[in-house]
Structures are given as C-alpha cells and as structure tokens.
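I have a structure I would like to understand better, so I am pasting it below and will then ask my questions one at a time.
Just so it is clear, A, B, C and D label the chains in written order, and each chain counts residues from 1 on its own.
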C-alpha cells in the first residue's frame, strides 16, 4: 500500500463501502450532457440511456477489478459492485428493474411470479414463487430455500460483514440465533416468516414499513439451499439461481462464470444473459487496469470508482476516448459529521465551520469535478426522491469560503477568535485525509485551529462509530461518506439522523442528532405508502438537518469510468451508481 | 672462495639492485644499489632489522613485486645466466617455485587456510610439471612430507595448516618449497615463529636438504645466531643498503661496522637465555622515505663524528676486497674500538 | 569533504526552514487552487508548475508549495535520523561494551538478543507496530509524538549493528597490552572501562553512528512512503513520494523532487561517513 | 560438526518461538490495550453487540492472551478446528488461522503469494551477486584506477538510492515513456515463462541495483584485504598463474564473508520485499502483509511476519552450515 493512494482510488469501492454501500446513484442530474439520441455513445450517454442496444448473444465479458470482492456469499458481500455482480447468480423475490434512469429504482417480481399480496393492515406480505425455478444443480428452488437464506442473516457470528436490516424488522423479540443454532429440526425456526408450501412464503411485520420490499431486494435476502450451505465457507462456492454460475473462484486473483444450464430465460423478466462466459480478473495494478481498458483488452472496471489520475488526463483530453466514458454520481455523499463535542455542540460554531470550509479547495482535493464530484449543498443527494438540487442553505455552490459569515457565526457562538477542534479521518482513506487537510487549511483562515487525527479505518465502527470513543478522543468533526443501501429517504437518512439509530457501536448518526421532530417525521414516512407524499416528508427532514448545521456536505460523489466500445446494452443503473453488469453484452461475439 | 668477480658468471648475481615503492606518503627507497653473488651449494645470510630491506631484496629476486603496481625495480638479477628484472612476467613465473623457491616466515598465514597442506604442495608440483597426473603428484607430495620429517605423511596430507603444530607447519612449508627441487632457496626468517628447540631442528633440516639438493640458499634473518650456524657469506643491511659483507667467519671474528657490533651484542648464545638481549642496538630503524643525510646509521652510531662531520654529510662507500664495509671510521679506529669496547661485553 | 559541506548545508536548511520559507516560499499548508487544473488536479504550467514564485512547483490537487514542504520535510527527516541514530548508539555502545567486557553469560545473552533482533522482519514489523501505536503520546503534537515513536522504533532496531561492532572492538581491546597493563596494576573494571576502553572505542562508534544516519533517513522515508510515518499534513519526503505515485506519469516532477532530495541527502551522509571512516581507520580504505 | 549443527538448530527454534510470542503479543494485545477489539476487526462494518460477542466466543478472543497463544501454536504444529456454522472445518497444520477479511485459510493464501516473492528475490539475487561481485573484484584488482573510482562512485550512489524512488523512476521511463516494457503484472512462470520474465525484469533490475551496489563495496574491501594476505604471496611464489592466484586462492577466501551477508539478505527478502513488491504491484508476501496491515487483518500480518522470521532464521542456519563447509577452521574447531 505504498500504493495507498492508488489502492484507495482503485479500491474506491472498498472505501466507499467501508460504512455502508450499494450506492444509489446516477440519476439524471442536470450537469451530465448525456444525449437522448439513438443509443450512440457520447460522454455520459450511458447515464440516461442504453448505449449500443443489442440482443446478440455469445462472447466473453472481460471484467477487471483492482479490488477483490469482500465475499461472494450473498449475505456477506457489502460492496456495491459485489451486489451488482450478485445479479448474475443470485435471484431474489424482487429485484431492481433493468433500465437506465429512475426506472431502474423500481422493484419488480423476480423469483416471485407477481407483486406480493399485502394485507389491509400492511403487516402481512405473501409471495408466490414462479414454477419451474431450478438451482444450477437442477434441484428446485423452493420458498424454504428463500426463508433459509434470509435466516442466515441472523447468524452474525458466522455470516459476518453483510447488512443487518431484516432482523430489526422480522425478529420481533424472538431473539432468533440463526439457522446454525436453530433447534427446529428443519432449521427453519424463524417465526415471522412462514412457508405454507414450497411455492409460498409469508412475512409478518409488527408495524407497517413502506421500505420493506427494498430489504427483500438485497442479495442477502436471496435463497440458499440448506444442504449446500457451508456456513463461513459458503462464499467459496455459492449456489446459483441466476443465469450464471461460478466455474472458478481464486481469492484475490479471479472469478469465472459460465451459463447456468438450469436457468430458464422464460422465468426471468430482468436478466438478459447475453455473454456465454464472464471472467473477472483482479489485478494489483490500477494503472495497468486503466491501460487495458483504454487499449480495449479489458471491457470494464467493475469497481466503477473511476480511473487513475493518469488515465483521467488521457480520457478528458482525447474526445474519442471521452465519448466512451461516463461520470455518474455513485450515490455517495462525502461530508463531515459535527459531533456534540464542545464547541461543536453549539449550532453557531458548526455554522462557522460550514461557512469557513472552502468548497473548491475540498472539491479539488477530492479529485475535482469528475473524479471528486459536484460541490455538495445538503445531506440528501440528488438521486433520492425528495432532494432539491437548488436547495443550498449555506450558499456553497458559488465555491468560495465565506469568511465574514464564518466570523459572524463565530461571534454568535461566543468564540470570535476561533477555537480548537479535532478532525477525525480514517487512515486507510487517502481522499478523506486529503479532505481533512484541505478543511484544516481553510478553517485556519478564520482562526479555527484544527488538528487532524487519523484513526484505524478498519475499526471505524468501533471508533468513529462509538459515541463514547468519539467523546473520549474529542473528535469534533468526523470525515465520512454515505450511500444508501436502498434508494429512499429513509434508507438514506434514517441511520444518519434518527436518534433511535444511535448505537454504542457501529453508529452512523455521528452528529448524534436527537430531534424528536425528525424522529417523528421518519415514522410518518415509514407509514406513508405513497412515494410522492413520502418524498415531501424527506425534503422536510433534509431541511431540518441542514438548519441544525449538523453536517458539512463536501461533494456529491462522482466517478469517471470508461467502458469498452464493444460493450452492448451499457447503461448506468440508478441503484448501484454504475453500469448494470447483468445487462452487458459484447458486440463482436468474442 | 671469494665473492664477486669470478668467471664464468656466478649462479646468482645481483647488480645495482634498487627497489622503491610509491606510496601516498612518498617514495619508499626499500633497497638501494645492492650488489652480491651466490654460488651453487653455498649459503648467503642476509641480516638486519626489520625494514632494513632484506625481505624486499628476496621478493625482488623472485619478482614478487610485479604484482604490486606501485613497486619499481631497477638493476639486474642474474639467475643461472638469465636476467630476471627485464624478463617477462611469464618467464619469471615459470622460474618461481621451480628453479627458485621461498620459505616464508609465519607459515600459518603463509599457507592457505581453506586448502589441505597436501593439495597446496601438489598444486606447487603440478604447476611446474604440467604432464604429471594427480596420483603421481600426490605420491611426490607425501614423499616430500616424509622427507622433511613429518610423521604419518599420508594422513597429514589431508590436514589443514591450522591442524599442524608450529614446527610441523614450517616443515610442510619447506616441503612445499622444495617439491620442485629448486636450485635457489630463499628462507625468509624461517625460524622466528618457532621456539628454540624447534628452531634448531628446522635449521638442521634446511642444512641437510641443501646438501641433498645442492641448492644455493639465501637465509634472511635478524638473528646472527642463525647465520653463524649456516652461512658461508654474510650480508649486513641497514636502511636498504648493504653496509658490510664478507665470509661469515670474518664477519663474526672481526666485524667492522658499528651496527654489526650492535647485532652481535644482541646475538643469543647457547649458554645464555634467548630473550636476554645484552646490548641491543639503541634507537629505531631509519625511515626509508627520507634517510638521514650522510651515513644512514649516524643517528644511532655512538662513534659518529669521530673524525669530522663526514658521517653527517657524506654517504660512506662499501670498501674492502673480500670483507667490505661502508663506514667512515678508519680501519684502526674500528679495530681499536672493537677490541677495547665491544669485545669485552660480548 | 563535499559530503561534509552538503551535510552541514542540509542541517542549516532544516533548522532555518521557517525563515527560508518566509523568504522564498509559501506557508506549507496554504492551498493555491488557482495553480492547478480543476478537472485534472495537476499543476498548471511546465515541470509541475515550477516558477519563481514556486521554486519546486506545486502539489497536485492542492497547489501547496513543494519547496517549503521539502524544507520542513528536511526537519522531520533529519531529526528522526539523528535521534534514532543516537538511540541506537547509546544502546549499542552500552550493551556492546557490557557483552565484550564482562563476557560470560552476559555476553551470551546480549549476543543472542542481538542475533534475534537482526533475525527479525524489521521493516514489516516496524510498519505493523507503527500502525497499531497511537498517534498521541505524552500530550505532544501528533507530529512530534510520531517523530518520537519513529525514533523509538528505528533506533531500537538499529542498535544491534552498533552493538556487534562495539562488542568486537571491546573483545580485541581487552587483550591489548595497555589494558592488560592497567589490569595488572590492579585497576578497577570501571576505571578500565571508562579510562582505557571508551576512548579507544570513540572512533569506531562515531564512524558507525554517522554511517547509520543515512540508513535511518531511508527507513523514515520508507515508512512515511508506506503511510505509517509522519502523518499529514506534516510534510515528509516519503509521504510526498507516496502521493506522487498517483501522479508520476502526468506530473513526474512531483516524484523527482522529493526522490532526488532523499537521494542527495543520503549520498551526502554516506560520503561524509566514508570519509570519516577512512580518516579514523585508514586500513579500511 | 553434528553437535554444532544441533546447537544451531535449537537456537533457530528458540528464536522462532520468541518471534511468534512477541508478534502475537503485539498484534493481539496492543489493539485490546488501545480499546479496539479483534472481534471488531474480524466482523468489519456492521457490528451489533450480539455478533461481536458471538465472534469473540467463536475465535476465543475472550481467553487470556496466553491461552490464545497456546492455541495458535497448537494450530501450527497440529492444526485446529473452527466452527463455521453448519459443521466444523479442520484447519490442517501448519494452521495460521483464517483471514479476518476474507475467511480464507491463511496458510494456503500465503503459499499462493510465495512464488511471486520467490521469483522476485531469487531472480534479483542472481543478478546482484554477479553484478556486485564482478564489479567489486574488478575494482579491487584495478585499485586506484579510473575503473575503480567510477565503479565505487556508482556503488555509493546505488546504496543511496531509495528503491521506492528508483522503482517509480524506472517504470516511468521504461514503461510509460519508452514503452519498452509492459505494465507490471505478475505472470506465473508455469503460465508463461516469457511474460513471467518481462513482468519481473524491472523489479529485478531495480532491486538488484540496490544490492549490487552494497555487494560491490563489500567485495572490493574483502578482496583488497585478501590480496594482502601472506598465502596469496605464497601462491605467487609457487609460480602459479595469476589467473589461479586470483581465481582460486584470493577469491575463495575473499568472497567467504559475503556468504553471511548474502544469506541474511536473501532470507530477509524471502519474507517479502515489502517496498519493491508494493512499488511494482507484485502480489507477494510483502504486498499481502501491507494490505493486511491496512485492513488490520491480524492473522495474515501474523502469518507473514512468521514466514519472514522463519526464512531469516533458516537463512542464518544455512549460512552457518555453508560457512562450516567452506572454512575448515570453523568446521574443525
């Protein structure tokens, strides 16, 4: 990691996903000049429409990455690109539609033959599975497999690393320990989920929860055949319900997929399955990867976190190359939490920091317009329903630090000559350290003396994520980044702003926002089934957070990615903020 | 017999030999204008303190200075009607270890620690007998080891220098030198590293072998005792110059040079303990980079200036017929001083 | 001799860094976003933006003045190198002397420890150690507390080299006449140690101390390069190099300058050390 | 000789034990001391208290450090069992545990990276020995001449160059500007010897240059010392050809001290050429270790440190034996 900087840039996902992941993204944001014409390739074209539409089958898709998957076990992977790749071999009851733009955020039945029937009280969800679904070994995919797969999420001592939403909703006091410690003979002891027959599965909620379906769309909610479950080792040979199955997994080196003979196209409305084979090569050399992309020997960097500085220069200066590149939003917001550590407990002091921070310096430190992203103005990124691109309460878009405003704020908080504060940044995230440096420099101008403390990023959840440690170490400002696990205002903001989400460990509400009004708004949203109405509530929450000056938004994260011209059906999928891998094909059939 | 002018040319003849080394600190005049000859079967003893130029002379004869880029040799060295100074490296190499061989002091460091004594002798033999196969060479080596009186030569053949005792080591060294029965044998302080009893043995050995091979021997030493035992002629060197030379008996019975007197004074005698030096030559050897003006010995000479200050200005010439000396003192003075002041203390 | 001059020059530069910066540079943490291309992040102008205003050009993505960062880098680099050399020397001399002079089980133990330390994946270990050690120490600023930690680690791993030499020297000196003599005169160990041995050890110790300084400079730079050295924003040569890794194809100057500086510094110290050794023990020439 | 051998062996084992103990202590004790629980490292992002408790119990992080160390050692000699959920997986000896980050068995993981490091180290070693020794001998024989001065100046420059600079410089020049060499990406020898070679040529040269410099200086010093030895003069006095004198008598003893240095250097390198591997993106042990350190993947860090220490100790052992073989004085003393 001499290549620290590059491993970072390269394995950006890793960082990006350090906290949480599966960026929502892209979005038809104004400043990308994606054409709406005939699918011809232009800069940013894939963000808004399908580039080189085609149904030609055959050929081998050569995917590359400078970062290995965190795990191929659907319940343990947490990187955005791994969730995206899961679509190749893991089907769920419902999954995101295969389409560019907002359409991609719609969930549609996958294993389920139709939308679930939801009881009047919105507490019971009943799914019927399609008929004739088969595993790669020919065994039928049953509702029990789905339930078993979901149960595995509880077994955190074995299945660690994955998202942990379902238990919050479905455990309901049962205190279930997961299938491995399950006393029931069939290991299906989770009470809130029942399987009356092999093609039916029923979920019982304790209270209405409008986002529930999104939780079922996560890879961890996919089916797992109990007899093939090898627990902690499952990631080295996961069963395949999708069109492709693993033919080889070499940790840190490669993964190969071939067609799953038992997958029936007729049963799958989402997946195209064009290539005959898909190879993922993991390299340690990000520059090498870029060169291969530009020279056409590699098809795509599945990391999708942007090319290295060298390639960036080539891309942006060569029109023909640029025509095959996109810079979509990754769905991440880069920002700083301001904690209740004095003087950050004072709103005016926080405002002072926001005004003093130099938006451009920070944007450049993060890589500029394309590699860094647009200057952030609020906590809610543009792609999430309810956000407003023009909402800029602290007038950051103009790009200059506002020293006078900052001085006023300082006076208001009773520290006209500034104060001392500690900025915390994860030591394994070069960009965050650079951000911290830039912030430190601009705070100095108004007399705020910041000192940077780099802490072990690998134990983030126990340091930045532990209010106690934060207080003990006196972190007033914590540099972080955030992308939603599912694309709704709640999915994005609740962990950040709901006082009930503050935990002793792995906390993400690091500003420790304790505002009953905000908490209530979240409850209202959860009960609200009409997305449009919910959106207005999220707009409200966003305003409240920004007015409280709890966070300092840096940039709306972007990544400059290149795609091989031979790729067909290339489009950015909103829910991942990167190309939809399952849709890709190769034009030359090689 | 007489030294020098005899015809035909003697077996070994050194003419106006000069050896100088160019060092960072200046030019070291190690040997200047030395002349002497040596016949088959005879032994020449060269005596003098360390740094007097005796070892350098011998190295010059073997042409070992050639390996040192900073050494410069002029003059003539005739060995068996061959001139060596002007000869090519290859010619000299062929003679080395063959016609002329050398026994070094301190055999422990002079023998290679990583090769068995036997193999080192074999090597020496085969380089001068290219045709000979290993086995024969081995026989020869063992034979030599036996000749120099090493018990169980077959077994010792495979031992390393450090496994030998001091005396045995020196014997092995001699075996190596004699393996090609050289006609000229130079022994450089062959006994310094040894204790008295062994010294005697080694010297006897050399004498016997000399008789056996009829070779000419140059015995280099700072120890007149050794010379007294072996040498036919003696050469006394000081500061790189020959200051006295003549038949051994002569030089011992009436030494001419004050320095030689000093040496005699420091000569061990069988009835006295070796370590007990009666009257060592006071003062320290001269720097060869800038020799004292006049007689190089004057700073240490108790009689310097006896007759005027010539000693301080004028370099004394080596004069005399068979017994030559380089000293400003007159013949009478020397005899008188020797009889009255030196002899009684010996 | 050239070495000595450069060495002195460097030391002065390090000490005068603040002054020189005020005269010829810009504050080390001052951003100049106008000096870099907003989309590419690279310096505007040839050779990494070298100009009269920015003698060594500017840092990509921030526009900070490389010149002044190099100067301050010298401070950290040299202070770490010297202090750790000092630590190694003290430890090495003390243990080496004890081992060589007392001999017996003391010697045995110390020698084992030295072998052990030399038989250690040092760099690897240093990295790991540094990555678990906290930045904050004794309430020092993170820059200087880190310097201390580095000094500790580098110095500690360095002492066996000195130790072995001192031990060897001591062993041989012990047998020399003058020590024998003063012992036979009934001098106490302490006296022999300090009056007889130390003076004679001074020369080799001095030489090898100067010779480990360049090694330490390289080690410090390496550790910063690997991201476990001096934490940003404090400038360090190794740190700059590791940042340069991202840009060395498009902004080679950003790599060449810190790299070249490290090279010249180390070279100077090596020359100096060699010269000193030749002067103090000619036979090594 | 045998006694000598046995003594060295015992020493080696003890050293290894101490290394493991110290390393283990540092990586599992210090984190606890500064309040970060290994279980957290293991569990990574999501961390609900129950899970942490579960992990701690499963991995035995709650046991006293000594007990953990005991289990660890047992794993190395006898292997150990881990509960992986449905059943128990046996981790065969030598078991270094499972990676926190990927749940891969550490031993095979590291064995996979070993060839890279081996190729790098051995290849470079060949280069630098030839280069360094040749230069050293030459300038010793041509002492004081221009050749000598030039060689020694270069060597001094060589030892003053940080590899993470020369490495970058080299790839900048030969890969990006001249495009003589492909982008470094290790290709196994078994896959394609040609590409294996081209993929390593630059790392080899860079690494070798550094060492060659040191070795040239060393060789020169040793040779000069040996050429002054009496036995070399004796060899000449025997009438041996200069070739034999230098080639057999002088070299043999002049190069012996290099054996020690070489052994140790190589040993150290085999444990992972941390800097070179990271500069050239070679996924060897050193690279692996760095990645692990970033992710606080304790088992891997521990594993690599162990392997590294093993190689160094092993090298020490070999050196002692070789020494005994070369130098009868050591053997027969």
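Note that in this section contacts are C-beta pairs under 8 Å (C-beta built on N, C-alpha and C of every residue); 3 or more make two chains touch, one makes a residue touch a chain.
All figures in this text were calculated on a predicted structure; none of them were measured in a lab.
The central chain here, found by comparing per-chain C-alpha centres with the mean of all protein C-alpha atoms, is D. By the count of C-beta pairs in contact, the leading chain pair is A-D.
For the pair chain C and chain D, the distance between C-alpha centroids works out to 23 Å.
In terms of their C-alpha centroids, the spacing between chain A and chain C amounts to 44 Å. We define each chain's centre as the mean of its Cα atoms; on that basis chain B and chain C are separated by 55 Å. Between chain A and chain D, the centres computed from C-alpha atoms are 40 Å apart. Shared contact sites, meaning residues of chain A that touch two or more other chains, fall at 1-4, 287, 310, 456. Shared interface positions of chain D, i.e. residues touching 2 or more other chains, are given as 31, 164, 176, 275, 278, 290, 293-294, 296. By the contact rule set out at the top, the touching chain pairs are A-C, A-D, B-D, C-D.
Of all residues in chain D, those touching chain A in their complex are 31, 35-37, 40-52, 54-55, 57-58, 82-87, 89, 98, 101-104, 109, 112, 164, 176, 183-186, 275, 278-279, 281-283, 287, 290-291, 293-297.
Across the complex, chain A meets chain C through its residues 1-6, 9, 287, 308-310, 312-313, 316, 358, 360-361, 363-365, 367-371, 427, 433-434, 437-438, 440-442, 444, 451-454, 456. Chain B makes touch with chain D in their complex at residues 62, 64, 67, 69, 89, 93-98, 101-102, 104, 106, 109-114, 120, 123-124, 127-128, 160, 162-163, 176.
Within the complex formed with chain D, the residues of chain A that make contact are 1-4, 7, 17-20, 68, 70-71, 78, 155-164, 179-180, 229-233, 235, 251-253, 283-285, 287-288, 291-292, 310, 428, 456-463, 465, 469, 503-506. Within the complex formed with chain A, the chain C residues making contact are 29-31, 33, 36-42, 60-63, 131, 135-136, 141-142, 225-227, 231-233, 242-243, 245-247, 249-250.
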